[in-house]
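The same chain A turns up in both complexes below, where it pairs with chain B and then with chain C.
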Partner chain A sequence: MNDPIIQGIKLSRWYGVVMGLNNIDFQIHPGITGLVGPNGAGKSTLIQIITGQLQPSSGSLKVFGETPWNQPSVLRRIGYCPERESLPEHLKPMDWLSGLGQISGIPRTAFPELGIRLLKRVKLGEAHWKKRLGQYSKGMRQRVKLAQALMHSPDLLILDEPMNGLDPMGRQDIADILKSLAHEGISIIISSHILAELESLCKNVMILNWGRVIASGAKNEIRSDLSQWAEELSVRCDDPQKLARILFDGDHVLGFDIQKEEQRLDFRIKNPSKFYQNWNQILQDSGLIVFEISSKSQSLNQIFNKVTT
Partner chain B sequence: MNHESTLETTLDKPSIHPNFFGILAGIWKLTWKSQLTWKKVYGLLSNVLVLPLLSYFAFSSSAPMAQIGGQSNTFYMFTVDFYILLVLPITCLTVFGGMVRDDLQEDTVCFLLTRPMKRWQFFLTKYLSHLAWTQITTALTLLAFALAGTLRGVDDVPNLIFTLLIIQIPAVVVYGAISSLMGLTTKKYLVFGIIYGFVVEFGIGQIPTNINTLAMTNHLKSLLAKYPPLSEHLGVEPGSSLTAVTAIAAVTIVFLVISSVLFTMREYNHSDEMSK
Partner chain C sequence: MSLYRSTYQHWKGKYQGIWYRRYAIAANGIQSAWSSKWTRNMVMAAWILSVVQAALLFGIGQLLVKDSVIYSLVEQLQPQLQVFANGLMSWIVAHPEISVRSVYSFLFYFFSGWMSTLSLIIIALIIPSLISRDLSSKAIIIYSSKAVSRFDYFLGKFFSVFGVLCIAWLFPVCSAWLLGGLLAPDWSFVWHSRMALFKSAAYIIFAASFLSIIAMGISAVSVKEKSATVIWVVLWILGNVLGRIGAVTESWIQHLSFNYNLEQLSLKLFQPKNELSLLQDNVPVVGNLLRGLPVDRFPMFQSPQFAGAMITCGIMITLAVIILNWKVRPE
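Up next is the complex of A and B:
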């Protein structure tokens, strides 16, 4: 695997007595990474530290090997699209982009061509270019925010909840843009509180809850890591009725369904942590011949919902 | 979306060389563009015109004021005592005190602070952009005063206004630097700025020892006194220009350095600002 582009070591961030991030260790590698967690999980705090807007309370965070706070060499390589919808209401998109571009070190002469290409790339209709940003809809705001993040050709693009408020077509547009950017070799971190939004887009996922990293890595690794949390199992064995009786007597199940023809027992677990401690022993003691065990919670989203609620 | 059309607009890497003057140009553009909305232009016009209009009407309607020392003295009271020495510092307090906080309240500061620049560069270019804008609006106000004075037949208006146009430069520079530190230090910068004005400019500035050099108003008065009618009007002897300018420059630099260090160390975020 490539070297990490972001590395957090024992990273914590407090807001007074409220903990935003709690002593987390993680690495983010090149590619598209989904940052997922419910509201208040610490996603925006982490993103603000990565983009140099906040400092860690303790621990360290390195982006491209450097601390991002007050570090132009790191910020030069980052494009940031915040969650907030606020834009300078009185400015037109071209003025805003050229102002921000000049701040980023892009020569004035690069505009308006660069602005036009950016707005075309994010699919903002030409009819809206003369309007002030205050007149923009949510979807148009997301597009122009993305344009400003792409302006200085960053190596790492960070998008905080970019799908918020978008209609399905807008979501598809943004997803397509992100895929084409990834195709060009730009690393992307995209946060969302809805995992399903990211599942088709991201190679890697980091799940946060209550300021801690619950799981991190490639999607399938996470799925197998978290499959221990599955609450519904399906077991094919030589005597599914006997297995059902054992589980029922041991007070392990909430309900079950026997498929005689397939020699299969589907059951819902009552207390997963207690059940999985005893599961191997139960099978050994039963003397059953087991052909297959599978989790019914195959969707990453289902697992995410379980571990974050 | 058509994937091909996306690739058609794929961006070549622009040549990027972040530098102080580029940052200044960008911040300046965003600053003046943001001032030119109809709502703000109306506000600006009223700010620029209201005092000159009052001074114009004061001559015909305010006989007691005119009796103080004739028309010229009444005009000096408007332009110097009231505008340069009172309204201008308060204007600086609102403009420079709010220069970062306005972006925080608008919740757009994240677009600026994530650009490739040092935080002190952001602060300093913000200061310089607001400095340029305030100099322009102050000059427009003084030109409106010039028109009012000329129409009312005040003596030697061109020389008076020329003096004031020169003095407004150090006045805005130093009051702006002081105000920007107030703005970074506290959300209640207007209250603290007014307290500072009473204590330092009106209080310490009146003490007849060297400590009164801490009051920038005294240095500005000594520069204003270079124009003899104002020396008489203010009751101040013209002092050394070098001393006055050095003191103003030193205070400006000290306040800007403190502000830059503070801005580099502190986090400023929208939620804190909106919790006031």
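Up next is the complex of A and C:
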């Protein structure tokens, strides 16, 4: 695996007595990484520390081997597309991009060519280029924000809820752009609560809750870890009704579903640790002939729900 | 297979240095200010004042030219005024080093003061676009993610106000001096008036810097653009009212007005009281004219409360910096 581009060691950030991040250790590697967590999980705090807008209260965070706080050399390699509205409404997109480009150290002479290239890349229709940003729809604003984040050719792109407010076609456009950027070698961190989008985009995920990293790594690794303690099992046996009765009598299940034709019982486990201690004994005592046991395949959404509830 | 590849095309041009990026922030601020018609009108008014000042300087220079229009005008005056004018002219001829210095000092003192009023109006016009707009639109989040520190952002914003004030205040005064020198009958005017220019430049640079920082602080107080203007105007008016109250009650109250504090600096630099004494001592006709007048009752001929003004300016700057540090944050 490539060296991590971001490494957090015992990273904490307090807001008074409130913990934004709580002593977390993590690594983020090149590629597209999804940052998942409910509100208040610490996603925004982490993004702000990565983009050099906040200092950690303790611990350290390195981006490309350097601390981002007050470090223009690191910030130059980062493109940030915030979730919140952050556009000066009185400006036209080209003027705004030109201004931000100059702040990033790109000479004025590079415009408008660079601006045109960027707006085309984010698929903002040319008909809208002359309008002021205040007249833009939410989806168009998201595209302009993405354009400004890409302007200085960052190595790492950080997007906070980039799909918010986009119609399905817009979402697909942005997803395609992000995939092509990743293909070109840019690393991307996406924070989103629409997990289905991340599932199709991200190879790696980091799940945060209450300021802690609950799970981190490749999606399939997390899934594999979780399957050791799957809370939903599917058992094919010669008498699924009998198995259901045994489990119900033993107070092991929250609910079940019998597929008679497939001789299959799907059930949700009440107390996984207790259940798996007794599971072999239950099967042995039941005298059933078991054909197959599988944990139900878990989508990212299910993983997220599992680790955050 | 990892999605990561190293084929990404980076920006191929050379990145500009930090001063270019600070300049970009300042230039965008000045451009934004210039887009307002009212600001342009105020700047125009300042330049008209500068032309008037240059015309007066030209008129003073013409007092040395025997066949000038000024002479013919003097000849048409009433006898008493003719005596005064002739006395003044002979004094200028006899002591150009003192006369030019004093007359220029008075003129620059007045014009710098009048232009400061225009500058305060200009600040009221540009203050919303300074920081309030970045806070209200949350554009500050994006700026702070770029390769500029908060200090760079503040410095850029500072120079955007300072730049506008230079265009509306420093440059017109300097231009008036230059034009006055070019139109003067000889180059000695340029030399003898140098102190008036230096005093004006020192006063304007300090005042513009001070006002720029205060304006930034006020602009950061509210995320509502119009509120920034209202706060600025209210503080300005309130300061003037307190200044009047302080003049007849507790003198320290006067220092709550930034206008008053800048006036004290102006008095310290231009020293109109000393210039008047010089005039009275060297020009008998002026001395005789002013002998009976209670000139000390005029604020401009009183001793400046310089230390108090500088301490209060320091406190005001500190407050503005605290507000900036507290309010201008991306989170």
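Here is the rule we use: the second predicted complex is superposed on the first by the 262 of 309 C-alpha atoms of A that agree within 3 Å, B and C clash if a C-alpha of one lies under 4 Å from a C-alpha of the other, contacts with A are read in each partner's own complex, and residues count from 1 in each chain.
We take it that contacts are C-beta pairs under 8 Å (C-beta built on N, C-alpha and C of every residue); 3 or more make two chains touch, one makes a residue touch a chain.
Owing to the predicted nature of the structure, the values given are computational and were not obtained by experimental measurement.
*Asks:* Put chain B and chain C onto chain A via the superposition and say whether they clash or fit.
*Replies:* clash
*Asks:* With the two complexes superposed on chain A, say which partner A:K203 touches: chain B (first), chain C (second), both, or neither.
*Replies:* second
*Asks:* Have a look at where A:M94 lands relative to chain B and chain C in the superposition and call it first, second, both or neither.
*Replies:* neither
*Asks:* Between chain B (first) and chain C (second), which does A:R84 come into contact with in this model arrangement: first, second, both, or neither?
*Replies:* Both: A:R84 reaches chain B and chain C.
*Asks:* Is A:L283 touching anything from chain B or chain C once the two structures are fitted on A? First, second, both or neither.
*Replies:* neither
*Asks:* Is A:S180 in contact with chain B, with chain C, with both, or with neither (first, second, both, neither)?
*Replies:* In the superposed model, A:S180 contacts chain B only, not chain C.
*Asks:* Classify the contacts of A:Q102 with the two partner chains as first (chain B alone), second (chain C alone), both, or neither.
*Replies:* A:Q102 contacts both chain B and chain C.
*Asks:* In the overlay, answer first, second, both or neither for which of chain B and chain C A:I9 touches.
*Replies:* The answer is neither, since A:I9 touches no partner chain.
*Asks:* So, does A:I258 touch the first partner chain B, the second partner chain C, both, or neither?
*Replies:* neither
*Asks:* Name the contact category of A:R121: first (chain B only), second (chain C only), both, or neither.
*Replies:* first
*Asks:* Can you tell which stretch of chain C bumps into chain B once we superpose, 59-67, 113-121 or 185-193?
*Replies:* For chain C, the clashing option is 113-121.
*Asks:* Would you please give the residues of chain A that touch chain B in one complex and also touch chain C in the other complex?
*Replies:* 48, 51-54, 70, 72-73, 75-76, 78, 80, 82, 84, 86-90, 99-100, 102-107, 110, 148, 152-153, 184
*Asks:* Quick check on the complex: what are the chain C residues that touch chain A?
*Replies:* My answer: residues 2-11, 13-18, 20-21, 24-25, 27-28, 133-134, 137-149, 329-331.
*Asks:* Would you mind writing out the residues of chain A in touch with chain C in their complex?
*Replies:* 1-2, 29-32, 48, 51-54, 70, 72-73, 75-76, 78-80, 82, 84-90, 99-100, 102-107, 110, 145, 148, 152-153, 155, 181-187, 203
*Asks:* What does chain B use to touch chain A in their complex?
*Replies:* Residues in contact with chain A: 1, 3, 6-7, 9-11, 13-19, 22-23, 25-27, 29-30, 33-34, 36-37, 40, 106-108, 110-119, 264, 267, 269-270.
*Asks:* Quick one: which bits of chain A touch chain B in the complex? Just the residue numbers, please.
*Replies:* Against chain B, chain A makes touches at 48, 51-55, 70, 72-73, 75-76, 78, 80, 82, 84, 86-91, 95-96, 98-108, 110, 114, 117-118, 120-121, 123, 148, 150-153, 172-173, 176-177, 179-180, 184.
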